[in-house]
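Two complexes are shown next, each including chain A; its partner changes from chain B in the first to chain C in the second.
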Partner chain A sequence: MKSSLVMARLLRVLGGWRSYCSKRQQERVSDDFVETLKAVVGEPNVSIAAAVREQHGHDESMHRCSPPDAVVWPQNVEQVSQLAALCYDHSIPIIPFGTGTGMEGGVNAIQGGICFNLTRMDRVLELNADDFSVTVEPGVTHKALNSYLRDSGLWFPVDPGADASLCGMAATGASGTNAVRYGTMLENVINLEVVLANGKILYTSGQGRRFRKSSAGYNLTGLFVGSEGTLGLITTATLRLHGIPEATVAAVCPFPSIQAAVDSTVQILQSGVQVARIEFLDDVMMDACNKYSGLTNAVAPTLFLEFHGSNQGLREQLQRAEEITQQNGSSHFTWSKELEERKQLWAARHNAWYATLALRPGCKGYSTDVCVPISRLPEIIVETKEDLKASGLTGPLVGHVGDGNFHCILVFNTEDADEHRRVMEFGKRLGRKALAMNGTCTGEHGIGLGKRQLLKEEIGPEAMETMRQIKAVLDPKNLMNPGKVL
Partner chain B sequence: MADLRVLVGVKRVIDFAVKIRVKPDKSGVVTDGVKHSMNPFCEIAVEEAVRLKEKKLAKEVIAVSCGPLQCQETIRTALAMGADRGIHVEVSEAEAQRLGPLQVSRLLSALAQKEKVGLVLLGKQAIDDDCNQTGQMTAAMLDWPQGTFASKLALEGDKLTVEREIDGGLETIRLKLPAVVTTDLRLNEPRYATLPNIMVSWARARPKPF
Partner chain C sequence: MKSSLVMARLLRVLGGWRSYCSKRQQERVSDDFVETLKAVVGEPNVSIAAAVREQHGHDESMHRCSPPDAVVWPQNVEQVSQLAALCYDHSIPIIPFGTGTGMEGGVNAIQGGICFNLTRMDRVLELNADDFSVTVEPGVTHKALNSYLRDSGLWFPVDPGADASLCGMAATGASGTNAVRYGTMLENVINLEVVLANGKILYTSGQGRRFRKSSAGYNLTGLFVGSEGTLGLITTATLRLHGIPEATVAAVCPFPSIQAAVDSTVQILQSGVQVARIEFLDDVMMDACNKYSGLTNAVAPTLFLEFHGSNQGLREQLQRAEEITQQNGSSHFTWSKELEERKQLWAARHNAWYATLALRPGCKGYSTDVCVPISRLPEIIVETKEDLKASGLTGPLVGHVGDGNFHCILVFNTEDADEHRRVMEFGKRLGRKALAMNGTCTGEHGIGLGKRQLLKEEIGPEAMETMRQIKAVLDPKNLMNPGKVL
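Then we have the complex of A and B:
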């Protein structure tokens, strides 16, 4: 008798430890409901297996895993619509899921519900090369699209760190290293097919429309870009394409100080050089990257630049940029045109996330994402480095300085409650500093779970109320990704 | 400036990213409406040929493709990457099914002699049939030396130093031109055809009967 009690307690403890994710809420999603889901998409396309649900309960951030009650894989927009209508009738939350590469806990099902994994819809529906537009389904990632486009002479320049789903990128308003010249998702999404919470299908710019500009009615496309799954499920995106540049040159340039590097950035932009990429890595990050990738770059604040254009135009751009960097005290300016060498030069920047984690193996990473007016960039970066020192935290800096956006990648031991607290407080302080400089608390990662308080402080009570009203109209039952953004 | 002419074979195949489906009557794979592009190893061959021209080691790069009308798209891509001329050996859809390495190597060896080329650059294999035979057969028919699975190529005068990837590791051989070389993955990273170059190649590539 006694041993079985001990066994029962042991199993409860072990069970609790093994699945630190929250349990499936039996009351909300019954077995009957799962059967109705299977009737719509077929049995192989519904799963309640614990491992599958855990996999869909988190993204790349360090927010605790919150698995959904079930995961479904619809094959087409009609199925998405039917499933959404079912969830609406039973008041069950709906969580859209793409590649799970978000940075703010956007897919964590904190109120349970059904996770809609949309990646089995993975066709490039329509390429209109002469019109510079393409329509894709959620399963198409930006790398897959660029591979598809490679013999058309066109490309899609928004390139976040991960190989993310393009519809997911639309949902989070993603950006990347090319934003300084080509813009973010907001500037490059022409039309969206969205399934609303009640199953209705909406075309934000009108069905099948693909134009370079329009003045027709309210900008619904802009509303859904960046809505992080809280207003509807994006099942198709029509995107703006650009011509692949005739020639590309990459350059790396170390500086004696952060101020010099950022000043160079501002001056290069002011000089009219249409730089395609301008990335900043601080000395801590350069050291981490050298160690991780076995490189021998100078351990100093460094700018990584890339120029796109015709062969003649590039010579001029390079000359101007080099002059500016020299005036700001840069020691040397290494540049390259060949693809393999350019990849080598950029290797340091691309591996930044993993190089940072490698500084302290076993630790997790948390990336801040503030974006300020470019003129305030030197100030906030210098203040950030001082704050890091004062708080005793490891936080290499990497930034899209051309946009005034930088990431402080904090590596910390999640088990150490004190360090965890210091990291969270540092993040809040940094967010507030950016707000005080008329900036934003998130340049590209989104609000997700962790920045809802900062959003309130950033946009103010009137805008907040307006957002709430819009949400209430489009999702009266609050089923679309509840607990996020607002 | 060298006098070397380079003949590059480019094959139109189903794009590597496509999920291949077998036809319901099991007679082959579905090709209608499926994305096709240049065989990746042929892209590497075109890139290497264009780089030889840029280094002024070659005078002219000629791209050749055998098959139905759509092969012209593949030739245009080669032109957009920097090839000077394209030759399309037209074969009907029905006959194209029976076109294999033996037939293609006969065509290539005849063209190599007609065009007086000093170097034939091919991909090591096509990703649809994985034959890995055309380069070797072409060399045999021409009685030219061959350097297959090339991961490095260096040309000095009429001597070609080829580093090959083989089962045991790497092997370096020296060939005297004229020769046949087949390209392997690590030889180079092919450039993307840029929009201005594609537009120019479309204008240039008005087919003339052969």
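Then we have the complex of A and C:
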């Protein structure tokens, strides 16, 4: 088919699609190519509808929507492989898509291309309870997995808040509130099945392997975890499971100062108390959560804690944690073993995002994410609050303080260009503050689109060059989620 | 200098060096080159003495000694960088050397070249107690670090048995008895300073960074951990530290069968008891340890356990562990909080190697290393014992059973070609048994020289090709510890 004819057809098919969406390269995907996609996955599993494309052109972040040229829903790894090989032959970008709950524009199709929506591959393939492992397809979310595991005595603890897909969580190196005890995705992924840009299928630890540890060759699993879809499409993940603790207790504790809250955290960690979650909320965030979730906590720097263990062991852990918080000036340490009360507490924590949005109805949110050595937390949090004030911005703070990781949830009027600019500048300054304190510009949200400059500053030219070399050798045509991370 | 002259000098200098050592490429290193090395590190820090080279041509394994052409002792990273750049310019292999306590021939200079002995870089550079991190040079061993940390309330738990250097342990992805609770090197390395083959210096997480977690870019730290010196020289490691537990209890428990010991292990792990070590010894190994270390344990499949926690919490953990072992048919569960008794127990465990060698004085040992899903352990252990019997080999079994990882320590007469052959064939069969059970051919010893064929079988052609591509792009001249892993 001549290119002018292709163009004419495309313009007809794509007519009326022009929207606010950016940089779409409509000429990339011919309708012949769309037909080829349909031949692989069946007509109902391909869409070029504007609404569908736009829905797949963004995540939960403030990055401008960039829709793909088409969306495909493969049903199995063979289809993913065939589709990737087709894209490879035609040099068309490939963008993996899970639940779209990312925070740094990781799924935005900034160079157009085909969005691979993997959520229709949603089986739990193999549970090996005695070996504490499970293998899942990309459509299985962490909540769906834990629901599946209900009667097994096991659970998967990594919980980023949103009900994200487990393979997506592997792709972004997610973590969340339980990481202080159970680790991040990095520590909980055993093996990945990955489709490379050229359609070849790779098992990062070898096909079917599900050992707890190995020192056989290079750690490809760790390389693909957190690669944000830029090296390959994750089509199954084998994950490490944990025994459900006999008992769980949640506690809330307000402090006279940020320093007192962080000092308590360090001392609790040093004391050997096996805290499962230890979350910090600043006074503004505590106030917002009180209002949104109907709580009556003191408006002060606050820790939400959770302890997992045996009934008897928990008593001792609680007692020790309470002693430490009292020594740091806290006068209240309220705790509960009741499921409902605990649920309410963690629902309030996980609703921090919505509680913040409710502070300024009609505004949009942007959740930043930095991580510093824990000893630097009081300093960076105090400086951040001063910066917010000086910049005239609304941004409550909440964080996984046991890991030195915290978020500032900025709510701002996207129509107000000046406020938008101030938010962006604030985000960059916060990232650089973290870097100046030996920290990282992202503890768990990833680089995506928004932090590529900060990544360069963080890791330096040699590491950057090494990452570029690895990308170039695994994806020589730069088709896997192009424009992200590097 | 003309090449004939170089050769004449070399032959003079190297005269009399011919030994049993294999495949040395003497023509690689001219005495002019040796002078250049001396100009970088000073004359006392370069050696071409035969005894020194032979000492650096092997580790603790049975692989034939392959001495390097020269040994250098750099004093700092700048010297390592300059030396590497020199080797790179002259296309001379670079072999990193720590304590030489590896088990798979990782330091043998099978293509000759320059051995970089890094043990004179032995400073603890930075301790950040509040942040649970420390940065060490390559000469610091794990025992030296724990001695340094004595008064800090912190410790570094990864302990492979031998007093290996921490950077060497990072290079081989070491683990050991505490891994079931504290993880392997992979989970405990935060950042690495690495000198690449061309002399460039890379920080895997960015210079000076020491956060607990990050999702910034590709996980280069995890790529270099376990790369066995084939991608670069590790010149500092930033490590994660842990709080010293308030109390420690060790326990010993014999079982009527291997199955009962492994069932107890799985149930203890599932019960949420936070076991810090859980080691299995078969009857032959228990007998050998009794004799060597003057113990009086029953000659039966046995678990050595250790629990870390608070005084009160430990009582409960012990009680629960004892209940589980009783349910599985064990009649004795003896435990001790006394430091001396615990030391004696773990010394006996760590002396398993020598206890085994003492079974056949004058013979050599070979410690195999496989790891399987824990549910497959009884089967593979029983099959392995049958195989040993059928092969007429002496090989007690010992292992980190909580991780599904175990070793068979074979003692054999190296002069007996037939026995040597049977040992090699047994090792291959055991590796393949582990692979057939979804396991790995090495849980912690690495691939080195001996398991390159098994690695191919384990990970498959695509993963192998990906590893080769990564190696080629980071070390295009194949100078970094050539002939290992891939």
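One rule holds for everything that comes next: the second predicted complex is superposed on the first by the 462 of 486 C-alpha atoms of A that agree within 3 Å, B and C clash if a C-alpha of one lies under 4 Å from a C-alpha of the other, contacts with A are read in each partner's own complex, and residues count from 1 in each chain.
As a convention for this text, a residue touches a chain if its C-beta (ideal position, glycine included) is under 8 Å from a C-beta of that chain, and two chains touch if they have at least 3 such contacts.
From a predicted model like this one, the values you see are computed outputs, not experimental measurements.
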| item | value |
| --- | --- |
| First, second, both or neither for A:Leu397, with chain B first and chain C second | neither |
| Partner chain(s) touched by A:Thr442 [first = chain B, second = chain C, both, neither] | second |
| Partner chain in contact with A:Gly153 - chain B first, chain C second, else both or neither | both |
| Which of chain B and chain C A:Lys200 touches, first, second, both or neither | second |
| First (chain B), second (chain C), both or neither touched by A:Ala144 | first |
| Which superposed partner A:Lys343 touches (first chain B, second chain C, both, neither) | first |
| Partner, of chain C and chain B, that touches more residues belonging to chain A | C |
| First (chain B), second (chain C), both or neither touched by A:Gly243 | both |
| On chain A, positions contacted by chain B and by chain C | 153-154, 243-246, 310 |
| Residue ranges of chain C touching chain A (in the complex, touch as defined) | 128, 130-133, 153-154, 172-175, 179, 183-184, 186-187, 196, 200-220, 222-223, 225-227, 231, 243-246, 266, 269-272, 274, 308-310, 312-313, 316-317, 320, 371-375, 403-405, 435, 438-447, 451, 454-455, 458-460, 462-464, 466-467, 469-474, 485-486 |
| Touching residues on chain A, where the partner in the complex is chain B | 144, 147-148, 150-155, 243-246, 310, 339-340, 343 |
| Residues on chain B engaged by chain A in the complex (per definition of touch) | 15, 17, 35, 37-38, 73, 77, 80, 188-189, 191-199 |
